[in-house]
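Below you will find the structure I want to go over with you.
Labels for the chains are A, B, C, D and E, by order of writing; each one numbers its residues from 1.
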Amino acid sequence: MNLQEVVATALLLSGCFFYIAGTVGLLRFPDVFSRLHALTKADNLGLLLICGGLAVQQGSPRIAGLLLVIWLLGLLAATVSCHLIARRALQMTDPEQRP
Amino acid sequence: MIALTIDAIIAIGIVWLALQTVRGANVFSAIIMFIVFGLIMSLAWARLHAPDLALAEAAIGAGITGALLLVTWRRVHVLEGRTPQVGMAARSLWLTLPTALAAALLIASLGWVALTLPAEPATAGELAWQRLPEMGVSNPVTGVLLGFRAYDTLLEMAVLLAAWLGARVVASELRPGALPGPAHEEVPLVGALLSLVVPISLLVAVYLLQAGGSAPGGAFQGGAVLAAGGVLLCLTGRLESADQTSLIERIVLILGLAVFSSVGLMMLPLGEPMLAMPGVWAIYLIETALLLSIALTLVLLFAAAPGLRRSS
Amino acid sequence: MPSELLIGLIFLPLLGACLTVLPWRWSTRLGVFAGLVSLPVLLVALTLAVIREGAWYYSLGGWTAPLGIRLFVDPLALLMLWMVAIIGGVAAAHAWHDFRPGTPEGARFWPLWLLLTAAMNALFLSADLFNLYVCLELVTLAAIPLIAMAGTATSIRAAMRYLLLALLASLVYLLGVALLYNATGTLDLYLMTQTLAASDGPATSLAFALIAVGLLLKGAVFPLHVWLPNAHASAPGPVSAVLSALVVKTAVYLVYRLWLWTLPAEDPMQGAVELFAVLGAAALIYGGILALLQERLKLVIAYSTVAQLGYLLLVLPLASVTAWQAASYQLLSHGLAKAAMFLAAANILHAVGSDRLADLERLDQRTPLSLFALALGGVSIMGLPPSGGFLAKWLLLEAAWQEGRWLLLFVLVLGSLLAAGYVFRILAAALRRADPTEAEDAEGTSPIGRRQAGYALLLALLALLAGFGAAPILEVIDAGAPAGWSAP
Amino acid sequence: MNFGWQALPLYVVLISVVTAMLIFALGEGRQHVRTTLNLGGAILKLALIMLMLLAIQSGASFEFRMSLLPGLDLVLHADRLTMLFATLSAMLWLITTVYAIGYLEQSPNRARFFGFFSLCVAATMGVASAGNLFTFFIFYELLTLATWPLVVHRGTPEAFAAGRLYLAYTLVGGVLVLIGLIWLHALAGGSDFIVGGSLAPLAAGNENALRTIFVLLMLGFGVKAALLPLHSWLPRAMVAPAPVSALLHAVAVVKAGAFGLVRLVQDVFGFDLAASLGLADVLAWLAAATVIYGSVLALRQSDLKRRLAYSTVSQVSYIALGVATGGMLATVGGLVHLVHQGLTKITLFFCAGNYAEGLGVHSIEELDGLGQRMPVTSVCFTLGAFGMIGIPPLAGFVTKWYLGAGAVAAGAPWIIAVIVASTLLNAAYFLPLVHRLWFRPLPEAMAERALAIRGGRMQALVGPTVVVAAMALLAGLFAGTPGSPLFWVIRMVGGES
Amino acid sequence: MSATATIYLLTAAAVFGIGVYGLLQARQILRQLLAINLMGGAIFLLLITLGGGAEGPPDPVPQAMVLTGIVIAVSATAFALALLVKLQDATGSSDLDPPDAE
């Protein structure tokens, strides 16, 4: 196992960890907002780590570029959808109980 | 071993999600479970060395079908004015037990049959590999779809057209505004997303189309991706339903079928058989037409509208 | 160039459907003419070719069989194609009035109708199991919206039920196809036979069983018929006609193809023909009894379809030339007669505003021509002479007799008596006079009504004429008898 | 297939079919055109039949053959038996048409009535000229179809009930014939009617099969011929208008059944084979029982038409009885009764129709003294009744004479007893009617009741009655002269057996 | 017969069974459609697994069949959903046997 593979594996594993953390948050947190918080924050990082890991593993600039695009798109999608969900949730919640 | 573990995890995931789809507390969560089921299925396709299917499953099976299911759920929900939260109706035991048993039996027999099937040489498949070079494409699936079994694909386009025609028949009397409708207020982020995602979906669609000859991809996957862009435009109110199907829309809808048939017929006067492909260019021409038809048909099906127009 | 004729049969309606999608009136007209009027012309040439050269294959794209898809035309396929052309054509002429090009209804109707025509032609010609799956789906997806065009709650509900069951049926069929492909490495109906004969196992048997279940469900064979009566009874008239006369026959046709052509003679699944016969007998009796109990004209006719499909399965275990002739002739004469009856019923429904038997008194005054067509169709359905139905029944009885199947004979006779029961019940309702002294008020039938009745009458007369023109038809049909059914 | 001169029997059938179609197409209005069509068709048909008769006398033969199924032909031909039945039917059709026009022209649904009326005659012609059992069956079933609308013509619940019963009997009968036919076809192929039958060579080894076939066919034909256990539809069908009853009883349905029995015994099995298989006796016993039973029941009816109906049950079985007895004389008796019963019975039904239409008389009690009110009709009725009883020199007597002589010749004297008993019973149920007509006083109510038929209608109703009565009389009086039915039958039986 | 193939075969069988179960149990049409789609997925999985997907690039013919099948499934589902909306519109209920029918 050379250095490249070690780094790749480490990145992938940590990516998985963040995903798991995000999922646990999704399942365990009490309300929509904190769940979104866990999901977006942790998953975006997890996605970055996994993309990075894969890029290192492949070692090709073209693929690295593609992975970067994937991460950016994922980031954008997560941002927008999280924003929309949060807005909707905010509208539906009782104003008294808004955080 | 790791591979096997992954397979096992995927398999368990698929079965669990299927079960959740069937047993979901309400229809909405059942639909969500089904969408996730589709996504995991595409992993299974990837594991089974069928990347074309993985793409198709993710884009069509999970993506478009999911969007259709959700939008219908919403329409039915809105029209009915009550949340269909009936959940699993408790059927009487004497009915439930035999059905469950029958289903289990079916599983058992199917599994048994499949496991004991003798390994026959797959003649058609072998031949497809052997004669692929004659087609001028290197992706065998594209070769089969647009070469050896092009006739299936052609009729499949007719099926898609029939689905739209059928939906138009039954959706004819729907009140306007059955579409989700434009967002009540403009969210700045949405515009940013669209200005990025829609062009990219077009790009990806074209890429998939072009790649289909040699790599995973093709008209169906590309069409579904393009349709996803269209669905997004509908959802965000950039496109709204029109009362009429415009001429261009009509032409695009039949484009796939018409171009495919015409190219197929073209060689008849030259003494070639029906659907003999005159060259690789013909395959790409057909695929382009298919892609456009598929994308528009799917978007129109999603919108449940005769046509679409840009919102003012 | 007989091969191009096959192409035309499929692609002219298909391209016609494309044309009718376009918004202009002329494009719709052109599409309909190109897709429907051309069919009989093509078929005349095709028939001559088949008589001259016998059955033949056509490899699409030039890719030969295990790799590509083949079309296959033989006398049986020819018979079905003719039925599509004639029954479909006359029903289309009948539909022309209600679904005019240029109207919204017309714009919705004709593309689906043409797709349905193309799909049925494709199905009858296809020699490929998976291609048949696509064809079956196309038939289903084109036919069901046509049912829903009636727009009533009943029709929508019936369409939905039909759709769900049809989807299920397709899946079961597809499962069988998957197993068969795995076992034989080919999807070609006729190439498969050799491999099947060589490697025989439970897998292929189960595959055939699954395919049969799927087809019987699509073909509404008792006890899988539940979707049929409401779907056929609530559809618009011409659609009912085509559904009962042609669409359900597609499934029966495939059962014939699979059991009489594909399945090797020594395969244990051949034993299923006995089961088919039992199902057919049950359908005949059950459908007949239920038809007797219905209170609405179109439901009576629809249940009659359930019953009449029974005849087509009863034939399977008989395996003789006579049985072959009987099956073909039953296909033909039932198609003509049933379509005539449905068209007539549509006219009656239109004129009376109801098709409850209780509301049909004095029909001989109100809609004489349609009633006449209904009665003539009924004569053929009952199997009374002179009609195509009579010859079919005669051949069936003769075939049953030759094989010494007394029970079958009894069922056949019982079925025809039941048929007589429900047909005469309709006629009695139609001749009834609410008040015997009531003055007559013969309503002048409008020219349109007369023309619409004329289409029904045309089919009914064809069913009648089928009782006289059997010899040349059977001569062609005989040449297409499956192996093992031909003359000893 | 040959559509030339040879196919004349086909055209005789088609004339009526075309007439029927034209009448249907014309619709309710245009009474004169319809009448012209009706009469024109009937006259043309009669003319063609006469032509055929002459041609056959001079040795010509007619046959139309068309293959319906491999090995199964539709054959229409003209042998002497055909001509006997066809001439009778064509003649009586013409007369009945005149009568029916008078009877029904005021009532609704005339187009339907006359259309099916013509179709019915077409079917009868087909039955008469069928050249094999298969063709016979086709027209036999067509006859069922064409008569049902006539039976239910009045559209009342009773009419439909009678129609249902009629269908139940005749369709089941048709099925029995069909099964027998299929069996026979499997055994012997679709052979033509040949005098003396064509089955004799097959008899060895197939006795029981042949017996079963015979019984199936006999029961099937017996339904229409109203043989004993299968007769009960006939009296119920009396709800139909009088011309229909006349048609059912004298010309078409019942006769078709009887004719079928004749064909069965003579031209399919052949009398010798039927006798050697013991089948002729079965038929004879059945026919004898029907003769007696019908007469007994007729005695108990108080409704005029029902009494006539049971009388038909009884009288038609003479035909079967004669044929089943065998031998030249009895066969002549049976066959000639085909004509004699037809003429006589149609007279009686016309009279009954006249009473019903003229004065609304339906039951026997109301006949008292009607000889004064409707003398012509009553004279005809009396003639008909005497003919039925068999008082010499009327037609019925000729029949009974030949039957009795034939029974003696065939060594079956018990048949004479049957005939005597039947004659006594005939007298017992007809003479009281005659007595009432002429010797009872006319009740006042009846004397004051206005005659509902007048003028042209009167002529249309009474005219045909007189004609048929005269024919019935002449057929008996001049039985011995050339050209009479008896003469024809004797030539037929004598010349060919 | 590799372990992978076995796993996916069993998966396909299980999903098909679940689909059948769901179809028979479901009252709502949407659920029935989901169940039918599950069954379809199971059959596709079976096709590819039997086509040798577990060992390497599978037979392209089943792949093409599955691709066609997926598109047909989405077409049929789309039409069914449109019909469902219409059913709801026409009968006021999105079920085939509404509760009042029981």
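Here is the rule we use: a contact is a pair of C-beta atoms (placed from the backbone, for glycine too) under 8 Å apart; a residue touches a chain by one contact, two chains touch by 3 or more.
Keep in mind that this is a model prediction, so the values were computed, not measured.
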**Labels of chains that are neighbours to chain A and to chain C** = B
**Complete:** Co-neighbours of chain B and chain E resolve to C
**Message:** Per-chain Cα mean versus the mean over all protein Cα atoms: which chain has them closest together?
**Reply:** C
**Message:** So using the touch definition from the top, which pair is joined by more C-beta contacts, B-C or A-B?
**Reply:** B-C
**Taking each chain's C-alpha mean as its centre, the one farthest from chain A** = D
**Message:** Centre to centre, using CA atoms, which chain is the farthest one from chain E?
**Reply:** D
**Request:** Measure off the straight-line distance from the CA centroid of chain B to the CA centroid of chain D, and report it in whole Å.
**Result:** 74
**Request:** Would you mind pulling out the distance in Å between where the CA atoms of chain C average out and where those of chain E do?
**Result:** 28
**Item:** Rounded Å distance, chain A centre to chain D centre (Cα mean)
**Value:** 98
**Message:** Please tell me the distance, in whole Å, between the geometric centres of chain A and chain E computed from their C-alpha atoms.
**Reply:** 31
**Message:** Counting only residues that touch at least two other chains, what does the list for chain C look like?
**Reply:** 130, 134, 137, 141, 144-145, 148, 151, 156, 159, 175, 179, 181-182, 187
**Asked** On chain E, where are the residues touching two or more other chains?
**Response** 16, 33, 46, 50-51, 61-62, 65, 68, 72, 75-76, 79, 83-84, 86
**Request:** Mind listing each pair of touching chains for me?
**Result:** A-B, B-C, B-E, C-D, C-E
**chain B-facing residues of chain C, complex** = 3-4, 7, 11, 14-15, 17-18, 21-23, 58-63, 66-69, 104, 108, 111-112, 115, 118-119, 122, 130-131, 134-135, 137-138, 141-142, 144-146, 148-149, 151, 156, 159, 175, 179, 181-187, 195, 199, 201-203, 206
**Complete:** Seen from chain D, its contact residues with chain C in the complex are 24, 27-29, 66-70, 72, 74, 108-109, 112, 137-139, 141-142, 144-145, 148-149, 152, 154-156, 160, 163-164, 167, 171-172, 174-175, 178-179, 182-183, 185-186
**Complex interface listing, chain B residues touching chain E** = 3-4, 7-8, 11, 14-15, 18-19, 21-23, 27, 30-31, 34, 37-38, 41, 44-45, 47-50, 52-53, 56-57, 60-61, 64-65, 68-69, 72-73, 75-76, 79-80, 84, 86, 88-89, 91, 96, 99-100, 102-104, 106-108, 110-111, 114-115, 117, 122, 124-125, 128-129, 140-141, 143-145, 148-149, 152-153, 156, 159-160, 162-164, 166-167, 170-171, 173-174, 178, 218, 220, 294, 298, 301-302, 304
**Request:** Please name which positions on chain E make contact with chain B in the complex.
**Result:** 1, 3-4, 6-22, 24-28, 30-31, 33-35, 37-38, 41, 44-46, 48-54, 56-68, 70-79, 81-86, 88-89, 92-94
**Prompt:** Touching chain C in the complex: which residues of chain E?
**Reply:** 16, 23, 29, 32-33, 36, 39-40, 43, 46-47, 50-51, 61-62, 65, 68-69, 72, 75-76, 79-80, 83-84, 86-87, 90-91, 96
